[in-house]
Amino acid sequence: MATIILLSFLFQIILVIALAPLVTGIIRKTKARFQHRRGATVLQPYYDLVKLMRKDVVVSSVASWLFHCTPFVVFSSMVVISLLVPTVVTPVPLHWVGDIIAVIYLFALGRFFMALVGLDTASAFGGLGSSREMSIASIVEPAMMLAIFTAAVTAGSTDLSVIVDRLSTTPASMLNPSHLLAFAGLFVVSLAETGRIPVDNPATHLELTMIHEAMILEYSGPYLALIEWASQVKLVIFLALMANMFFPLGMATTWSPSALAVGAGAFLLKVIGLALIVALVESTNAKLRLFRVPELLVVAFILSLLSLILYFIVGA
Amino acid sequence: MVDWEAFQPAALTVMLGGYALGGVVPAILGILWRNRTKPGGSLTGAVKNIGFGLALAAALAGCLLSLSILISGTPLHMEFLPTAHVGMMGFHADTLSALFIGAISLLGAAAACFSLGYAAEFLLRRSMVLLVVLYNFFVLSMIGVLIADHALLFLFFWECMSLTTYFLITFEHEEHAARRAGFLYIVMTHIGTAFLLVMFLLLYSTAGSFAFEAFRMEGARLPASTQSVVFLCATIGFGIKAGIIPFHIWLPEAHPAAPSNVSAMMSGVMIKTGIYGMVRVFFDFLGPVIPGWWGVLILTIAVTSSVLGVLYALMEHDLKRLLAFHSIENIGIILMGVGAALLFASWGNRPLAVIALIAGLYHVLNHAIFKGLLFLGAGSVLHAAHTRNIEDLGGLIKRMPWTAFFFLIGAIAISGLPPLNGFISEWLTFQALLLGFHIPDLTVKIVIPLTVALLALTGALAAACFVKAFGITFLGLPRSGHADRAGESSFTMLAAMGFLALLCIFLGIAPGPIVSVLNPLASSLLEEASTGQIVMHAGTVLIPRSASASISPAALTGLLVVIAAIPLAGISIFVLKSRSRIAPTWACGLERIDPRMQYTATGFSKPLRIIFSDIFRATHEVGISEEPSPYFRPTITYELKTESVFLKYLYEPVFRSIVSAARIIRRIQTGRIQTYLAYIFVTLILLLLFAR
Amino acid sequence: MIPVHLPLVELLIDIFAASILVTAFLIVSSRSLVFYIRLFALQSLLLGMVALLVVIGYGETHILIAAILTIAIKAIAIPVVLTRVIERIHVQKEIRFRMSITASLMFCGGIVILADSVAQSILRSPHAEASAVTRVLSVSIAMMLIGLFIMMTRQKALTQIIGLLTMENGVFLSGLSITYGMPLIVEVGIFFDILVAVLILGVFVFRINKTFESISIDSLRSLRH
Amino acid sequence: MSTIILGLLLGLPVAGTLLCAVLHQRRILETVTVSVGGLTFLSALWLVAEVMQGTTISSSEGWLYADALSAYIIIIISGSALVVALYSTGYLRRQIRDGKVSDRQLWLYYLLLNAFLCTMMVVLLSNNLGFLWIGSEATTLATAFLVAFYERERSIEAAWKYVIICSVGIGFALFGIILTYYSALHVVPGSGNALNWSSLMLVAKDLDPAVLKLAFIFILVGFGTKAGLAPLHTWKPDAYGEAPTPISALMAAGLVNVALYSLMRFYVLVNTAVGGTYAPTLFMVFGLVSMGIALPFILLQKDFKRMLAYSSVEHVGIIVFAIGIGTPLAYFGALLHLLNNALAKMVLFLTAGNVRLAYGSRLMRRVTGAIKVIPVSASFLIVGVFALTGWPPFGVFISEFTIVTAGIDRGYVVPVIFFIAIIAAVFVGFIYYTSRMVFGEPNVPVTGGEAEPLALWVLGLLLAALLLLGVYLPPPLEQVIENAARVLKG
């Protein structure tokens, strides 16, 4: 048993963490294609990480110890989340450690430290980034909670594995309108949470528009690598959440190699599929003005609320 | 087996005696040696040490008492007969009281320890005797409120509590703000007491006695309409003290005005006496069979308080005011648990109500600790930098590293982030609400998701606010000379904060003991026979009803630490060792980074100010000096005001109409004796006509 | 005890009582301060006569002293004192009325009706005696109210004293009418009180005149609210 | 024995008055007044000890009479007189030093102070209703010149209004007494006794209810004016505001209770004779009206002493309301409130005197930051305000709580809610003005200093007494009040 847990532990960590740069690479590649560019290879994010790991760390003279510990906090919280979210197998061995609420709050923990660091170096950009990040996160949160609420209510539990289980046993409910609406809500939320267009542009360093990048502007070298990696992991986690909370098809329920293989395949397919959708959205939309973002998130909120009301009326 | 029967009265005596002595001894010293206890006198230090030392001892006794009651489950009961015409009175400390006593004592111990260092600030300026006496009687009356088992006794302590805090708020009465705060506070709290008095009288009219025992017996048998009036009176009366919106206006004024050790106690535990009262009345007296709209009302209040509280906090740049607004927010979160419990109980789902109530009560304890910690931290900052305005602070993490660290712990805890204690209680609240969605009622189905969403909003906004509060105060470069010259606090102050920070961590990682104590408490309040609505299993909090939703904060923390350690080890061993260098922050090409280039708190909160502009109704004024020439303008001032909707649209109109009504009635005193004689004439005629 | 013809006494009492009421009405209808004082003196004299008649008619000898006191103090001493005051301060007339004389008189008529109804309800008492003197009760109540009414509507300090004294006369008359006066010592005490009150008020009138250069109490309006 | 006590109680003030009339030296006047106050107070204690068991005592001829009710009020009156006498010494010395008061005025002051006490004692000790009336009118006359003491425009105005209004009121009261006498004449054996309490109460049930009802209307208007029930209270702010502060204190703590005592006596009588809810309803209505009318004047006020006067109207309302509730508990509360109110009023009036001496202004807006200038007085002031407005740990809280409890017992829910609302609102006015006076920095140069230690000690003792009454009711006192309440029950 212990070995299985340990194995699954490693399996999950490796799957998500190792996959994360790839997914980012795929999105970048797709976007490049949409822009009629060839784009870098999908493996480029890996090269970037390795490169950064080898670089010097330049630390601001103003920075405090928070500057040094934040990358680890952020990275660690993302990895812990990846252990709680069912990817290939359900139930996740560590599902008792935390549920979907813990996941949401772990994201918040990482964001909290990141925003602090934005203020740590006395840079004007850092504060700007923190301020925007926290503001947008604040209005994302209710919409996200509602979207997840629908799923949790359907399953009668906030335990992610239970949610996934319940849904796999009644596949028909996947096409339930309330379910789909909640998914749509979560999709919008995910775009905002992971800093994608139309909320944030991960590729920009223009002070008028940047949010996430502004906070980490002072980071360099391995620290930057950790943070970048963490945000790539975050993206994968969100894709996994969307995929498995709403369409848990093909997930392994045992630890047999064949089931795992099928599960891993299905997971990859779903994540890459969603990544392509994200890339599509990013390519076909312009970034919104900062103060238009709340309107978008209100849409997400309404979608989630509608899904709950539908759930109540239709009674999935 | 410990002999609780003998231990508890002893602990109670030590606790009450400690506070009483802590009040009386300095007072006597003050009277006997008036000159030597004056500000700057030779005995002031002794007065301070005696007073706060006794408070510390009493608080420790209080911790023991609370623990013993909570663990053994046997309530402490004492009776005495003050005078014949009021009848028997008594003290009764059951587990509910014990929980609150525990919160007071934990925070009280820290605050007393903190005060030993902090109050030194007042040695030369202020009457130490007054501070010490008021402080001790303040805590004493809070304890009295919690253990009173008789309405008269309760009101007695309740009002003493208000009275002592009034004088603590106006302690630095030269400040106009303190006087105004004191006035607002005392008026609001007095209005609250009037409602409480009516409430007790209504209970009395049926129970025929003011003893709480009688209320407990008869409360459930009141006619439904009376019950609802009692409920409303309790909500308003206790709500004012708790600082619920719209009765909160006193709170952000009063808490900052008091000395920080007192603000910590006020914000941390005094407002909780309002919660205590509500729980006592709703569940113990009236419950558990209750109409459904109670819960909806309380939830509405809770949601309003939490969201508006945190939004107002975001706009604050006064550190203590900011914390005060967060108290409103957290009272809202606590009331979400209480309100949900009421709602579920009204639908007869008591096990679920138990979960909700546990969540609320857990948050009571948590909030006491982290809010206390934050206020003590704010006190340290104030002590070191002599300003509460965070726009003048910055860079304190290097100047007062320990204070910064403890404040950060508090900030993480209050933002409800794992793995600290705020997270656990919010998690429980979410769980209770999620489970409640299955109650087959349209109102419930609308109220609950909205509550969940707004709780999430609250949490996120709180995090944003504390990024601002901590970031602007402690990080970056100091924005004023005061902040630049600040130094670390004294040992006792740090010890107090450290103690509370440890508690934040402990209560976050090991919720087991607390939950196992709270579960029977909540079950007995709701008259639910079974316990075990929340199960602790190997450090994991389990809610069996919800298809085993669970969380294991200890494991979570362990994972976080271990996983953080891997790259940390990797990077520090392989990467960082030789190749890290220090450089100035990039200043857009300018030579040097300047404190004024940093983001300000006002700037930080601007996006939210714009997003929620309908609530804030902010107006700003830009003043550009035309001197010496219109092309070269050395100073630009930017002043931002947010409008308090409640003051403007609720309190001011009421106040104005009262004043104008009074003005009209005042005309009867015309100054003309003929008119006065006419009053006599008319009175007589009327009496002769109608009263014969 | 000289034998008296009771119906004659009762007739006289009725006549005097009516005259007393008339004096009160005359006070209401007039403007001159001197006239007020004279009217009051007349009123007190009539009151004293009523008291004497009670002594004669009903043999209540203890009233005798009260009757003499009434005449001595109220009909003589107080008017003399008040006249002195008027001479000293040179004020002759009530000028501004808060209510026109016609309206005042009508109002006082209403007062008499009310007083009568009150008196009747008292006299319905099982042990009331239907003697003439009890009939006077309505006059006495009317006097009290008219006295107060005078104080309410006039603006000279002196007139207020007259009103107060009229009231007192009414009270005294009521005592005569239903209880044949109070016990002697009480009666004496009451007289003493009234005398002192008038003296004190007289002193105040002087002071008011000195301080405000007028005895119009309309200038006494600085204490409000 | 009883004649001696009663004689002492009446004789001491009389002797004091006579002594003051002939002696003119300041020290002697002070000594006489203080010792008369002290000795009267001691005699009052003796009296209380005598009537402790609920018995009554009367002098041999039956003119003087005392039961638990009168003994209780005599204690309050003589105690107040003692306090005021002690306080007056320092107060007047300072006024003389400041040139505000002449030697002749000083003599008049002490003379009238003694006379005032004397007249109050007459009211409280007389068995005969007629003497009760004479005493009541005499209190007005004795205080007339005290109200006009400073001979300013305002004080003359106040005195005029005071004397006129009270005399009118008391005139009606006399008529009420005559009616009572009338109703008793045929019932009480021996017409000489028909005005005596002791005989009236014996036959109260046989008195004609219709006449007594009418009599009560006149009595209520009459003594209500003396006590200051709204809308008959109009003289009160003027007189209290303009009289020298110690006199205001004695009026608020003493005279009011004397008037209330008269009201209570007739209330008992009428209640016994008429029964039902007649007198109680009138009392409750007047009580609530008084409280309500006082409120706006307290909320908007410029002069602290006037504010206290309106507070006196309010508290008279409270007491009358409580009596109107008409249960033993309510009587107990009312009587306890009598004492508490007297103590609190004295504290506040006398500290207000200290403030006035220090700042030289009666206007509240001129007074700020008193705690910096006269720390002890200012502390007493704000603590006294809390005590007066019914905050624990002070006695007023207990008595008000008792009263509302009694009200609820009788089922008067709505009146009680009004009662509570008004009390709460009154506090708002008080604390608004007081906190402005006490806290902050003085905004004008303050010339006067703190009062002399004796006065401060006296005030401290009064506050301590209030505090004691808030946490503990000494059994002897409880016994006395119980007995007095029994008298009220009839």
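By written order: A, B, C and D. Residues from 1 in each chain.
Keep in mind that, in the parts below, a contact is a pair of C-beta atoms (placed from the backbone, for glycine too) under 8 Å apart; a residue touches a chain by one contact, two chains touch by 3 or more.
All of these numbers come straight from a predicted model, not from anything done at the bench.
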Quick check on the contact network: minimum steps from chain A to chain D?
2
Find the most central chain, measuring centrality by the gap between its CA centroid and the centroid of all protein CA atoms shown.
B
Using the touch rule stated at the top, which two chains are linked by the largest number of C-beta contacts?
A-B
Roughly how far is chain B from chain D, going centre to centre by Cα mean, in whole Å?
44
What whole-Å value do you get for the distance between chain C and chain D if each is reduced to the mean of its CA atoms?
31
How far is the middle of chain A from the middle of chain B, if each middle is the mean of its Cα atoms, in Å?
35
Taking each chain's centre as the mean of its CA atoms, how far is chain A from chain C in angstrom?
100
Check each residue of chain A and list the ones that touch at least two other chains.
none
Could you say which residues in chain B touch two or more other chains, in rising order?
666, 669, 673, 677, 680, 684, 688, 692
Set of chain D residues in contact with two or more other chains:
160-161, 164, 168, 172, 214, 237, 297, 300
Can you name every pair of chains that touch?
A-B, B-C, B-D, C-D
Of all residues in chain D, which touch chain C in the complex?
128, 130-131, 133-134, 137-138, 140-141, 144-145, 148, 151-154, 156-161, 163-164, 167-168, 171-172, 174-175, 178-179, 181-183, 185-186, 191-192, 195, 208, 210-211, 214, 237-238, 241-242, 297, 300-302, 306
Chain A partner contacts - residues on chain B that touch it in the complex:
394-395, 397-398, 404, 408, 412, 415-418, 423, 426-427, 430-431, 434-435, 437-438, 442, 445, 449, 452-457, 459-461, 463-464, 466-468, 470-472, 474-477, 540, 542, 546-552, 555-556, 559-561, 563-565, 567-568, 571, 575-576, 579-588, 593, 595, 597-600, 603-608, 610-611
Residue ranges of chain B touching chain D (in the complex, touch as defined)
82-86, 152, 155-157, 159-160, 162-163, 170, 173-174, 176, 178-179, 182-183, 186-187, 190-191, 193-194, 197-198, 201-202, 204-205, 210, 658-659, 661-663, 665-666, 668-669, 673, 675-677, 679-680, 682-684, 687-688, 691-692
What residues on chain A touch chain B, complex-wise?
53-66, 71-73, 75-77, 79-80, 83, 94-99, 101-102, 104-106, 108-109, 111-112, 115-116, 118-124, 126-128, 130-132, 134-146, 149, 152-153, 155-159, 162, 217-218, 221-223, 226, 290-291, 294, 301, 304-305, 308, 312
Chain D residues touching chain B in their complex are 160-161, 164-165, 168-169, 172, 213-214, 217-218, 220-221, 225, 231-232, 234-235, 237, 278, 282, 293, 295-297, 299-300, 329, 332, 369, 371, 386, 391-393, 397-398, 401-402, 404-405, 408-409, 411, 413, 416-417, 420-421, 423-424, 427-428, 431-432, 435-436, 438-441, 471-473, 475, 478
